[in-house]
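Each structure below is given as structure tokens.
Same chain, two partners: chain A is paired with chain B first, then with chain C.
On to the complex of A and B.
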């Protein structure tokens, strides 16, 4: 044993191995392990690499995995540093103590958005990052450095065109903003070179943007002079004239993809916190509630309860302490629109929560976010820190005497947390199980105090309403549903994206105009709105309008705005099985009919989907669905049978094909 | 007083009553599985659902959690309600076919067996949560809790280990409608090891929570009566004298005050841990202590403090 030579790092690693061995066996095992290690090294000096290779290759399970964990080998190696973006934390300068400060910061923000030099933005919400926005940004930074160009490379959010990610926009003083799509790291140097020279890389150019809206009031930042564009420019489509943007009505998501989510100045530059200044400066809390009531804004989470009525009830409820809670749980399996939105414009939510707090008299708020949305959590956290730093959160906001604190609370992403009482339980640290109501959360919510729980899209809409008035908002949409709705298109679509459209837009139009039909080019067979709880509707219903009541009547719901498209080859019964399985996983298990009912429903639906269905089973599903909708505690159980029931109603042929064939 | 209608019958209910309480106070039966008067309503078993008509809205609600309100019309046996209840019973029959409480309900609702299209389990726990809530709300021990969620939900001790905070009071076993919580009082026990069996005194075990505690033996009658841990918790809770729990409830001697000796000085009242003594003041020298036996714990603290030995 004397001839074993150790390198210091080898010795260190081996010590870790020994420490992972149970204490009682340590003394006995040590010589044996050294012997094995010496055999592996074969006379060489023992280094870290040899020890790791020995653990990885020679040891039997389960010792291998235990030691792998002890040495940290089970985690994937950290990414090479070269690809990481050099992201210096943005430092906010100055404070906002009154309206004059806000105007000053607005000017500073506009300076950042349309600088005299060059601004290059990379859309890096989750959809962009998944397609390599980070490497593109790093390559752009590299190119800027090498070519000695004075440019600001900024990470912004997503503008909804998920299919064209990663997108790069180039903003040069006096020129229109050019948006490039599907950019790779190799193209970065070319883009920087062309940008510096004021030229365009024509192959990649998606569109040009001549001006951006500052806020809903109509103010604009102009990028280019009004004269006729140069020859190269004329080939690039005008962004405001292509269908994708022309058919949208951007109110909530108006800043998404333009501003950097981690720079509060840019949000303020586009008219941010003006609604707050207006409310605190010239409106009483009751006036804010009046505007929201007048706007007929309904909850965007699924149930569609009027937000103004909720706020009024909470403001009238007796209590020394009140809370505002933002429901950002979004546990639906196929959509991530709130995630994309938060990653792009977190300050819009903060402003909405401040307005809600002012309206109902609350001084504390919680943003409950799905923990799977790592980036969104990070960006909201940064946004809150910045708002605190400049004084837009905390005590005596804008010198009005109104105080408000905001915290991010990360949840496990349970679907049932969409139910506001379950969310409150989770927020208090208890089981995510719904509470009986009454008492309603507006009377006894978080910690037994009056609480407004609103979806994050609802809260984000408020600033526009306060700024431009409830009447203006009520003028958009259908009689029952006002305003706009963010819709995420997924499933079998040619171009997955998320868009904001006015309520009352026909669903078929949304699919063709924005998503470009199905990816396979075949006809749409079915679609589903509102996440798993919504029904699966046939193509004949594509003329339905985006409206709470119209969708409700059709047996589906608007929900949180998911739109899942299925083409002719899709096995809808199998989709119903997937969704029933989802409910089986997501049922909280509190009430008997949901816990046991979904379990049995899943057995039956799996049986049918496997092609072993019987008539008796179909009848049973029907009675179960009816009884569950009556008996279950919350909406999760009440709607758990909706997917299979709507499939049975609208696609009898598919279901019949799944019946057990017997030989008579 | 609130006026409402249940099954067409005009009834009156007190403010703050639930629909279930209002119905039961008026002799209308609504079946329940997870309800207990000592516990907060939970609304999980969904057996007590009723149809409530309020204004223009008709909804199905759990009567145990829904507050009674002026002018509401309640139906306890509408077709939708019965369909919902039948589903609950049928589902419970599939889960727990061998539990008597479930079998009784199934008979009442005319369900011979659960559907053939379902799988069958042989669980015993119906997850009504009575044990968990009794432990947390009434006993205050917080020894057991639900674990898992959805179909995998169970009642368990923390991390499926021996429940450290359990005092083996047996409340969980008492409230359990299925009898699956196994609480055994052993007159004598022995721990076996290679060195031989070691005889130990009487013990109480609750198998579900993996606890086993020695029982205290009454110093007077010599019978075991309650787990030591439980008595320790109680004596802390009531701030009682250490010797208080030496006697079993049947051997406990309640105090008697000799009115001829009592001066009415009040020192016994000041020191009573539960406030069972009060001054019977008729003016002048006619002042005596009097005891309320329903409150007295027979701890005899007052006996120590009485300066004239009037308490025995």
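On to the complex of A and C.
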């Protein structure tokens, strides 16, 4: 020990290390640790830095993590900074009382989006945060401070490339935006340094973006001049030319991943609230309904009911108090696309709800969100507060005399709340159980008043329709399904992601173009659309188009847009068992066919999945499926047998393999 | 050190004494104390009484009082005549429990010294009569410095069970009837980690919703817990996407590790974390992690909960 020379801070840090060692071992460990440390120091005086580097580089796991935490080296320190990034809440300046104010704020927003100084964005929707976006943001903030760079580090949403999270974009007016993928906290300092010098970190760069669309009308913000890219850029792909973006048609999700969800100016900068200004300024409520009807927009939640017809019915219903309710319950166990979307661009939904309110004559709205969507609730709440502050929510909006208030409600967690009447019950503080209909919610909904309940993607689509016209929207898609749909790809795919494509896109193409096929590289065996209620379809059906009717005919449904991919190794019968188990957990128990049916169905399917199936059981499943689809009260029970029935239909070999050999 | 001969009770007493020395100094101080003690014993075997005498006669203040207290010796009158050790004339209500709770904030080695002092003040306040809850409360408010004061007051508030003061305020500022209940329950769970009966009863009474309905709401929605969870709550995503990608194995890994280490961690599953695109994901105390981050976070909470 004599050969060690301490600096005061080194001694102090080492004491901390020793204090973190369990007491019983402390005395025994100490000489060993000192010996290691002395070797590391190589005769130099031991400073805090040496001790920290030694812990970080030389110690084995798990001791390393524990000691790093004890010294405040790892996450805890970064976390504090990340909290600071969050806490520096954005303060909205100014008010929007008329169209001129809106134009002014639009200019301010564009200045934020393409500033003369540096703007560094970190994609931090839930999927980014799960992969460490918060730590990356903190590291960037830290690097900006240390390198004395004038830069705005902004938390934005997700652009759909979930496999590349966390993503960082570097933006400066006059230069193309550079997007980096799979960024770690260690890379942050390098990115800031390169950005400040106008250079690029080539190995991390995913793509470059030369311009962004301001709104659906075709206006653009150009980051770079039109000349050929500089030599340094030649290796970085042009974002608009890579398949992932080229094959998408972004209408609803066009802002996601670009704007900060907590800055209303940025939403307005990209053409936000223009549709509202147009509707309030020059359209009657009936005109708005006419446009939505003309667009042939159908509900994006599952059933696909035409939104315009729903709105018209509600506007004609008698009553002076009406409500708009956004169904964001999305309890599907497969997706989370609406959550990602909402965490990225909450104002799009607010504008859609305002338009719906204006069209049907409602002055109050609720956004109902799944209980797990804590971050989405937070971001929508912030967005509502900002809209209230500038005057886009509240009384006499844009001087038109139209008033609307909006509240966000966090649910308690029940899949059946995706059913609109069960959702209304939940909003009233009652049990998650569907109500008998009629009366339809448009006649007697929330608190017995006429209510429009729409999925949040449906509502978010409305602003584009109002701005560019129903005819334009109806020109996209197939005869039965118009416009675009957000689709979330999950399961065994190489690159999980969510994308927005035109209706009518072939499902097989979606899987290959965006998700890069299966993760295992094997062939696709089966896929499922529309969440647990959708059928499990075989690879031969991959040529199906994204279309309400086509999928319905094939025994599945479009649902809210989940697309689950299973490769050749997947045991589809076991997946069907997993899904019946889900229905067993989620059945509310109101009606007997569902309550007893899912229980029995789960028993039988589990038995088959375990390899003890009999032919009599298969026959019984068929009968039960028919009975449940005829007799159950709501769609949950009606479709509970769909997964096992489609597996029996399309994968007879798999099912036969599960039959008991002795009695069949 | 070899020249010390211990009698069993002597060794025990000395160990007790060492335990009262602050941890950081223990190793450094031990040889010195042994040396002193050996001098005192002068070759005789060291008994418990000898250790006590040595502490009383040879050690300097304030270590002397502290160690005497640690050994359960009565503070001597001649040292601090002002410190009365008289017992209370009696206790009213929770006063005695509150008094003990207040003393818990005092570091171990000083506690007995403080006990005497504070008891004296309490007796003074009670003017010879039984000590009431209010007397203890006023001692805390007037004499005890922060942060101890805040800690003690907070502890007092939950003494009867659950501190419902926040909920009470929230209910007052939330107009409306049954439609507000789910939001209130979320707030309760955020504060306590579960929905304690006392809180549910309060909501039931104030919002005029029968307890039977409250129970049905709590059980029909999956978000609410009726039991107090462990130090950390890990929610494992069991979406179909995660299932296909082997989410079941992750759940098993976590459950096995808890069974093995006995860590104070509650495991739940959720079908709808909404992060199937980064599946399998986990939620730890409300924050979502996936892949490498998830493993690192698990490592961290396991090391904290052991």
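Throughout what follows, the second predicted complex is superposed on the first by the 575 of 664 C-alpha atoms of A that agree within 3 Å, B and C clash if a C-alpha of one lies under 4 Å from a C-alpha of the other, contacts with A are read in each partner's own complex, and residues count from 1 in each chain.
As a convention for this text, contacts are C-beta pairs under 8 Å (C-beta built on N, C-alpha and C of every residue); 3 or more make two chains touch, one makes a residue touch a chain.
In this text, all values refer to a predicted model and were calculated from it rather than measured experimentally.
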*Figure out whether A:430 sits in contact with chain B (first) or chain C (second), or with both, or with neither.*
second
*Look at A:620 in the shared chain and tell me whether it touches chain B only, chain C only, both, or neither; answer first, second, both or neither.*
first
*Touching A:631 in the superposition: chain B (first), chain C (second), both, neither?*
first
*Between chain B (first) and chain C (second), which does A:582 come into contact with in this model arrangement: first, second, both, or neither?*
second
*What is the contact status of A:16 with respect to chain B (first) and chain C (second): first, second, both, or neither?*
neither
*asked:* With both complexes overlaid on chain A, does A:374 touch chain B (first), chain C (second), both or neither?
replied: second
*Please name the chain, chain B or chain C, that touches the greater number of residues in chain A.*
C
*Of the two partner chains, chain B (first) and chain C (second), which one does A:599 touch, if any: first, second, both, or neither?*
first
*asked:* With both complexes overlaid on chain A, does A:131 touch chain B (first), chain C (second), both or neither?
replied: second
*Enumerate the residues of chain A that count as touching chain B in its complex and touching chain C in the other.*
414, 431-432, 585, 588
*Of all residues in chain C, those that touch chain A in their complex*: 23-24, 27, 177-183, 185-186, 209, 216-217, 220-224, 238-241, 243-245, 270-279, 281, 283, 286-291, 293-294, 296, 299-300, 303
_Please output the residues of chain B touching chain A within their complex, sorted ascending._
41-47, 49, 60, 62, 65-67, 80-81, 83-88, 91-92, 94-95, 115, 117-119, 126-127, 146, 148-153
_chain C partner contacts - residues on chain A that touch it in the complex_ = 15, 19, 23, 27, 61-62, 65-66, 69, 75, 126-127, 129-132, 162, 165, 330-337, 339-340, 370-374, 409-415, 426-433, 488-492, 496-498, 519, 528, 532, 562, 564, 566, 570, 575, 578-579, 582, 585, 588
_Residue ranges of chain A in contact with chain B within the complex_ = 414, 431-432, 436, 438, 584-593, 595-600, 603-604, 607, 614, 616-617, 620, 623-624, 626-628, 630-633
